[in-house]
Amino acid sequence: MRVVVVNVNTTGSVTEAIAASARAVAAPGTEIVGLTPRFGAESVEGNLESYLAAVGVADAVARYAASGERFDAVIQAGYGEHGREGLQEMLDVPVVDITEAAATTAMYLGHRYSVVTTLDRTVPLISDRLLLAGLDRRCASVRASGLAVLELEQDPDRAVAAIVEQARVAVEQDHAEVICLGCGGMAGLDATVRAETGVPVVDGVQAAVTVAESLVRLGLTTSTSRTYAAPRTKKITGFPLEMS
Amino acid sequence: MRVVVVNVNTTGSVTEAIAASARAVAAPGTEIVGLTPRFGAESVEGNLESYLAAVGVADAVARYAASGERFDAVIQAGYGEHGREGLQEMLDVPVVDITEAAATTAMYLGHRYSVVTTLDRTVPLISDRLLLAGLDRRCASVRASGLAVLELEQDPDRAVAAIVEQARVAVEQDHAEVICLGCGGMAGLDATVRAETGVPVVDGVQAAVTVAESLVRLGLTTSTSRTYAAPRTKKITGFPLEMS
Amino acid sequence: MRVVVVNVNTTGSVTEAIAASARAVAAPGTEIVGLTPRFGAESVEGNLESYLAAVGVADAVARYAASGERFDAVIQAGYGEHGREGLQEMLDVPVVDITEAAATTAMYLGHRYSVVTTLDRTVPLISDRLLLAGLDRRCASVRASGLAVLELEQDPDRAVAAIVEQARVAVEQDHAEVICLGCGGMAGLDATVRAETGVPVVDGVQAAVTVAESLVRLGLTTSTSRTYAAPRTKKITGFPLEMS
Amino acid sequence: MRVVVVNVNTTGSVTEAIAASARAVAAPGTEIVGLTPRFGAESVEGNLESYLAAVGVADAVARYAASGERFDAVIQAGYGEHGREGLQEMLDVPVVDITEAAATTAMYLGHRYSVVTTLDRTVPLISDRLLLAGLDRRCASVRASGLAVLELEQDPDRAVAAIVEQARVAVEQDHAEVICLGCGGMAGLDATVRAETGVPVVDGVQAAVTVAESLVRLGLTTSTSRTYAAPRTKKITGFPLEMS
Amino acid sequence: MRVVVVNVNTTGSVTEAIAASARAVAAPGTEIVGLTPRFGAESVEGNLESYLAAVGVADAVARYAASGERFDAVIQAGYGEHGREGLQEMLDVPVVDITEAAATTAMYLGHRYSVVTTLDRTVPLISDRLLLAGLDRRCASVRASGLAVLELEQDPDRAVAAIVEQARVAVEQDHAEVICLGCGGMAGLDATVRAETGVPVVDGVQAAVTVAESLVRLGLTTSTSRTYAAPRTKKITGFPLEMS
Amino acid sequence: MRVVVVNVNTTGSVTEAIAASARAVAAPGTEIVGLTPRFGAESVEGNLESYLAAVGVADAVARYAASGERFDAVIQAGYGEHGREGLQEMLDVPVVDITEAAATTAMYLGHRYSVVTTLDRTVPLISDRLLLAGLDRRCASVRASGLAVLELEQDPDRAVAAIVEQARVAVEQDHAEVICLGCGGMAGLDATVRAETGVPVVDGVQAAVTVAESLVRLGLTTSTSRTYAAPRTKKITGFPLEMS
């Protein structure tokens, strides 16, 4: 099967890292295709950027689909971002958000989980998405490492140290029993964080790959009975995006 | 003061109706400016269209601001739509969503309120926004009249009949004591619905005008301490929109 | 229009301060009338006093109405106090509680808000009222400055210092993005607290004035369909109060 | 021990019925004293009357205490009424509200319980008190029989029929497994309702007697550490009530 | 009446201590019978042991009933343990869990209560049972003393010191106004903890005795209408237990 | 990998059906081993039987492990049953409950899901497990078909008809967008129910197979930091079970 993994920012190197991480757990026979939006911010760290990302991601997927390529599932690889519901309406294949994939995976592993993310300003976005997804009650905390998305790439050692510190506080003070790495760009850091904290660490992208594969294997896709029915036929202006 | 009222769809006649409704309750000295997005759907009735609207609205306001016009507050005149948080980050004046304005107004008037909206498929969008806003617990129900947004304009009599019917069910079965008209395009129908049901009826656009004026008069604007801090300086591609 | 602002305690100087604060934001053409209960405690800092206040406030308003004076809305100017529902049954004009007005106003300004009040023992009263009002989920905390109601008047400098200290903790530890001043007697302190904390500060009395004016302007008043229907005709003993 | 059972309305025959019901389950050695407020409504069916009752009840108990009589516990025998918290501050013996006693008792008997009360307008008062008490989650419904408080006494047969009808709906539609009789004046109807519905029926007054006796026997009384600390010393005007 | 108090572990000395504690508050005429399971762990400090206890307790009660002895109520004397619902199906007399009895008793005494238990690993079990029982919202915290169940017996002084320390933190930081002793084996420690903290302290076993007596006196027993109906007739293998 | 699927009842034909269903979706290379408890009921339809099942399942898995067989994950194939937490403590491989697997899977497919189960009396058990798992908020309803577990096998046509009827009500009245088949014994009915209702239908056993495989592939297993730490070393009597 082919699983499309869409980055939420416009930075190609992040897409590559995400796709590599996805490939590392993909089942034999699963092809991972990474997409980078043409539209939006180089990193997504707030609501305005996240709304741009929602449209940038939808545009990237719509263009990929229009190119005649076939695919079996889509992963939205942004943590705490807007947009997943729109993709569900647009596509007839399953859509998996990494925030939710990390949470449902973590809930099989411990009584409560925490998320460690990047900047403090993104904490409420993640909390809001978990609330909407109905996956918040066993969330012990969402904690910020204080590092920006692009700093994760630039200084991985510092990133790990900051993430481990918050993960430890989550375990010791918030009684988290599992840690979710709360940023698509944290791919590959899970082993270190686990070694340092002693609790299971969930990478959202990798969790999402297994969820997407599972849905495909079960022959299940998004319900079209109500919320995620295909958009009604009507006049749309400017989408897919007209970009030079 | 000047209050900008942004429609969420691209249909100018809806913008005009919304602006007229806003003007009908604006205080002396309040100027209402209606904006219509260049981007998005002619009516917003689902998540994908709502995400397009989030960007279309942000674009319309950004362009208006870039034109040198000054304004004191912005009203997002879509019921149950995405996007308000992005505007809050982008602007240093208060932003008021009509879904929330209707709800907080209704909560001063009765123990529980219901929303009567357009199509059934938009019910979960409204419920989700009320949940996120923390205004859901006193919401008795969100009910659909079954009419599409643009049908409201085309056949006002049928619209009123369908809305009144659902409002009655909300009062009698769901124990709503107040009805919120759940669509920006329902402006002007409140008197009829009230006469038919005997309970207070809240129009979101009009409620939002008074909330916006109140915030301005109190000298209050969005907190920049965390969630709604201005976006960080970074490379953004394609926004404001490049449209021919 | 005429808006009646009822103090919850029997201390006239507090009524005057509240009324002055209300006047400072009232729209042109809005007359503010301050009422002081004849019955109850000189300051309200607990449940028994709050229940006395509920009756003292109802009595004051009933007598004012019986005197033939007309008014367009009533503000109950006690933070976290009982009684608002009774006024709603008794009157056919809107009734606004300052606890709720502060909360709904704050919710337009930030993701979460905190309340800073007087004595620790009043914290649960405020929490309970927010719970009942369905406005609790975005409340980050209710914090006590440790000062009694009447100390606010006697030693404003100390009051400001204690309130600022708790407001800072609310912002830094509880992640509040807006502060509500949780006592009718804190009128006038908002500018200082804002300057010291950098976040918006909401004064409940002033917020309530704008809510009351808004409801009147929108032509809305309390629903009589169920919870707040006028009391049934029956024998009442001792009310309005027989006081020498 | 002596347990004071305070009626919330001014109708002596209701007090007598309540006291008789209490005596029917009191342990050997427990004396039941019935008190009737001098102040308030002849029946309590709304918020204003309930706030009057809060003060009328406090006054009746304060006068009883001032008379030199000793007692070991107080039961507030109104369903869904305000006032219990004030009594807790005022007294150093346990205070038991019949709404809460019925609920905690019912929760030992079935997965979910319903309350059947008098008029529809009192349903939200009961719901609110259960919410505040943290006893709402296992409440399947609060249903109104449509009978006024004093009609219960005047036409017991019709009362039973109306209550049984709603109890049946609660069991069959709302999945209640236990019924609470939601009015102090329903004392004595439990056997009939049980026979007709086949589920356990809890009378709040009788349940409260056993709770009060239990607390006394366990040597427990209200915590004075925070919420229910005795009122601070201050000037109170008009309370206890000055009545001719 | 005869009340059976079933220990959840296989340690007879714990059963004796529990039964003695129960007898200390039992009403005149109430006989307390202590039962010790033949099956399970010597102390219950986790989920597996708790599930074993559920069956061990059911077996002990079934055997006692089969022996021809009559009894009026059963108390399951384990804090936070599984199994109460099974007993309710099996018996036609009331069943009282000490976790719930402590909570409902505490809720009559203060605005919020905390539980102080043994090992940290049992905290989530207690939280889960309070959640299921719908008694969690006024629970300020569940805190662990760090002592194992059997250490309570072996070193009572150290136990008291550790429990008092956590109770103090619960009162001062978590705003608990009442403390529940969260282990059947803590019987007899309540007076000391109360003296040291100044707040009411509830012993679950003793609270459960009064609840059980109350239910019996009120003539109430478990509803058989749905959740706790008697098991259907079917083939059961191995239960009651075949033990040598 | 080898995944052990444990039936919760003692009926071998049910185990075979469950295992066959599991095999139908297992990835190449995944071996499914079905286990049948020696202890407990021939069908599990209530709390007592469910507690017996918890021990019967733990016993079956413990014996299998003691036999020297190795396995990579365990699926508890009972819907709404007790026991999963005990297995998690006992094992160092992931444990997946089919109730939870169905729910997390359904939540990727629609805004709300419903469960259709067997007898009405098992509805509260399922609701309780979803509440504990923190997966209840997006559950629209749990509905009973009225058929006993073993009737599903005996009369599949009637079973399908009854399930389809409740599924339709769930979609039309409760606004479910996805249906979960709420019984391990409903394996194989999903295609028919989907064809009749038009919404995605999730079989818990099959969903659990993909979740278990995913966890194994991600190298994740239960956290041992707190709730699910291995049991402490202590004296256990009678477990694993002594059965003739």
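Here the chain labels run A, B, C, D, E and F in written order, and each chain numbers its own residues starting at 1.
Criterion: a contact is a pair of C-beta atoms (placed from the backbone, for glycine too) under 8 Å apart; a residue touches a chain by one contact, two chains touch by 3 or more.
From a predicted model like this one, the values you see are computed outputs, not experimental measurements.
J.: If every step must land on a chain the current one touches, say how few steps get you from chain D to chain E.
T.: So the least number of steps between the two chains is 1.
J.: How many hops, at fewest, get you from chain C to chain D via touching chains?
T.: 1
J.: For the homomeric pair chain B and chain C, should the interface be classed as same or different, according to whether the shared residue numbers exceed half of all numbers used?
T.: same
J.: Which angle of rotation, from 0 to 180°, maps the CA atoms of chain B onto the equivalent atoms of chain F, to the nearest 5?
T.: A turn of 120 degrees brings the C-alpha atoms of chain B onto chain F.
J.: Cα centroid separation between chain A and chain D, in whole Å?
T.: 52
J.: Please work out the Cα centroid separation of chain A and chain B, and write it as a whole number of Å.
T.: Distance between chain centres, rounded to whole Å: 29 Å.
J.: Roughly how far is chain C from chain E, centre to centre by C-alpha average, rounded to an integer in Å?
T.: The separation of the two C-alpha centroids amounts to 44 Å.
J.: Please list all residues of chain A that touch 2 or more other chains.
T.: Residues 111, 123-124, 175, 226-228.
J.: Enumerate the contact residues on chain D facing chain E in the complex.
T.: 25, 27, 94-96, 100, 104-105, 107-111, 133-138, 171, 175, 177-178, 198-200, 202, 206-207, 210-211, 213-215, 217-218, 220-223, 225-228
J.: Under the definition above, what is the set of chain C residues touching chain D in their complex?
T.: 10, 38-43, 45-52, 54-56, 58, 82-83, 85-90, 120-121, 123-125, 128, 131-132, 148, 226-229, 231-232, 234-239, 241-244
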